[in-house]
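By written order: A, B, C, D and E. Residues from 1 in each chain.
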């Protein structure tokens, strides 16, 4: 037992040191997170119960393998991690992976699943989307454009929420101008909340069973709830054939913290 | 076998003593349970079948770990426990967790799942909601406001029922006055039952796949059934796109009693 | 192997003797099965595959534990048993439990699940309902009332079918007189079949995801099928938002016979 | 390994000899397969993964137990077998069981599940129906009646398809004459395909979650596909609330062949 | 450990050599992939977690068995393989199998599932379709016919997407001319994307729960996404009762590469 404690400590130190090398080079990373034409994948996983039958040492080794893997692929994919455990049923954690090619995302996730750690993972839901230039903003009034450009509050955004959406056929049958008017009303309703809630939109028609993935980050969940309530009250909401299912709720966490939960 | 019986008895005594320290300080607890702006999480769990392959001693130790955990976090979260086993399929027990921040709830549930006990739990459904000031009551007639203030019958309320609700898009598209009128009719229908049935409402749009979580406590299940029947007959009911699924039914139980079921 | 055969025989004899003591006192039992204000629970279970890894002896002991339990609680709950295996997928057997309080039903089912036998059970569906005085019969013509009072054919009723129903919002929005007229047409269509098919209605709004549980017993399944076909053709049928899902089909069987299947 | 090979061969020979005794007496069998008032059950099963952990010898013994069972019950039930593996997901094989009483079908399936072979089976779907005299044919024009009487092509029919159907409430609300007209149009569309596709209809309202089970046998799957396409284009198709879910596709196979797959 | 490494290497070499013999004779293969009257099956599988408990050597042997099997059946079926892992949840890889008879496909898949490798597979979804002559193209304007004949861009098409579709009853009730007009609008919208996206259509009414399987190959996923968005905006899209569920996304991969993932 004592030997094991020492081993664990040593391995944990190794893990933490390795951790500092993780993020992709800053410039690339920024581009992947902000430019259009980038693929975003939300991959939620659950740990199976057999994992806990491994010895603590085996778990630590398995976890360190994941760290190595992520470091190795960090020049191709930007990986952000979220703890879903305790907030979303049927999922323990989630990765948001940004890449220029979905094949790179697949390489990362396939490698992950091939590790000793990954063999105990169940992929509960994968959502894929593509970032694109804003479709309606160019047609908005100037004041609204300016309001949308205002940066959200500085500081930590602890919570992340993912809500995929499928629109009904009526929505897609509307002409661009009608949709523009509806999206302007939608945006007007959202404006008061944008200071507290960061949003990002992914287009997913054909890439999964949804048309959009909406991603939110906030420190103030009540403001986020207020935003969704406001959006439910505009006419565009009638065109959501499916909204959520799943709704994924979690907290933004460094990978080290998440892995540590499964190592100890 | 005999040694084990002794060990079990001793551990049970320890458990029961520890049990007395559980509740958060009374004042904080009351605030969390009554004020707006508090997050309520309903977390239902099922025990996997492997749990019963542990020795009785291992189970008792695992259970006592949970007790320690809850005590430790009792200053941040108020935890109430319910036995669902035998009343709700696919779930054995449920926690209702109140906290000022959902991150505290996550910390509790993540810690729980990390215990030897928790490793055998399957999270069957998590529902999150936010308490808010009553949206329509201020517009009700004075008599109705007074009727709503009348305290419900004193005495034990053995049963607890959780029914999550998603409204249709038409509901949210109605103006505030129309919704006020519909909610007044809804409340009028509910009034005769409020003496026997305690209600609490959580707003969950964006936090899970529902818009509301309705929570009920009663000693008289037939009165509760009468309440739901009465509510089904008002116009507002037409706007429930989803009502239940799941409907969680259980009995209010001290945590000790629930854990004891899984320890013996 | 021989010793085991002897043990098995002895235990089986014990089981069969114990079996005779099972039913609650006749008078109470009759009241629970006929009076309004009684809770009826339909609890369907499936045996997991690990059960069959136990030794035959262990299975017999486990089964005898169930018998003891039921005897012990027989003054509070009336338990009827059904074999679903071979007729309903995903379920092996079902209990219909009548009790004055759902807490008593929970005590029985929780105790059952806590036995060595119960640890191998998966609760596939629980349906709860309340017996109430007939809502529409008082408004029916006298002839119909008399027809409804005619006792069904004497003799065995081997088959039991459970069909839960959720009505649509339109149904509940109808006034009592309109519903009365629709239910009169419904009853008129059912009359020719009542001689062969015994029916019992439970109200479940709020107690599970349905509004009603309809329970049928018959020796002639073709007559039962004819009854359902007849009921599908009346206007009231349009108001069934969900009809079945699950439809549980089984045969009425003494508990001994069911348990014996899992003991051998 | 060698000994085992010998044992396997011997057992297989026993199996094949036993196999010849299987079918019910020809006359009874024909009646059960053609007369009205007979219950047909479609029972699809999946083998669990643990099965393959048994030794080859244990598997052969288990399989031979099934053969014995079927022989024993062959005077009460007519059992046909289908290989679904490789054509239907989540199911490996299917039995079509015809019996005068569903209790006999239950006895067979319960006995099957009680064998060493059956303990590894998961019942993925059971569908029950009743054969009845044709409801609309008597009202059809004489030419159509004659066309329907023409026997289908002789020769093997390798493929079998099961499609259960639930009609909508509107269908059942139509009067008999309107339904007759719609079914005449339906039948007219089907006629060109009846030479290549054998059909059989079971009525299942109340016996499971469907109203009908449609069963097809053909050697030419493209003709069968053509038939379904033709039926989709008639007005009666609008009244199918659920069509398939599941659609079971397989090949007609002697039981020996199916069991052999799981023995080797 | 060293011996094992040698064995693994040797076996891998054997695997790779064997691999060269795999494809069916080129002419037959081309016909199966292009002619009408061919059955196409999309079979997606997931590897169970027990697979990884096998020794590495056992896994390599199991994988080589699959190679042998495919070689053996290569004169009857054309098998293409796709890696879904990391892109589709609940599935690891997919086969597209073309055959003149679905019985040949069944033989292949049944044999596959009977291998040591196959015993660890879960069949997550099977979709069957039939290739047919284009139903609407003959009625299109000449220019459109010519545009459709233009070959798509040469070069690798890394990604494959499968979207099954069920049309609503209204669609099938439209007359041929109306459907022709709608399909012409549909095709017009698709034309700009056909250079980058290869399409293939399978008719599946009756063969599974869908009416069509649409299959796409592309190197440019953003173009594919653009194609689906364009198709969502035409009137024909309103007649899709179900679109996706599942949407299968993967990359085209030689079987060797896929099997190697599960061997190492």
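Quick note on the criterion: contacts are C-beta pairs under 8 Å (C-beta built on N, C-alpha and C of every residue); 3 or more make two chains touch, one makes a residue touch a chain.
It should be emphasised that the depicted structure is a prediction, and the values quoted were computed from it without experimental measurement.
Shared contacts of chain A and chain D, meaning chains that touch the two of them, come down to E.
In whole angstrom, the spacing between the mean C-alpha positions of chain C and chain D is 29.
Once the centre of each chain is set as its mean CA position, chain C and chain E turn out to be 47 Å apart. Within chain C, contacts with two or more other chains are made by no residue at all. Remark: ring traversal beginning at chain A, heading first to chain B, gives the chain order A, B, C, D, E.
Residues of chain B touching chain C in their complex: 49, 52, 83, 85-90, 158-159, 161, 163, 216, 221-222, 224-225, 227-229, 232-233, 235, 237-238, 240, 244-247, 249, 251, 261, 264. Only residues 37, 39, 43, 48, 50, 102-103, 105-110, 112-114, 119-120, 123-126, 128, 130, 167, 169-170, 172-173, 203-209, 211 of chain E touch chain D when the two sit together in their complex.
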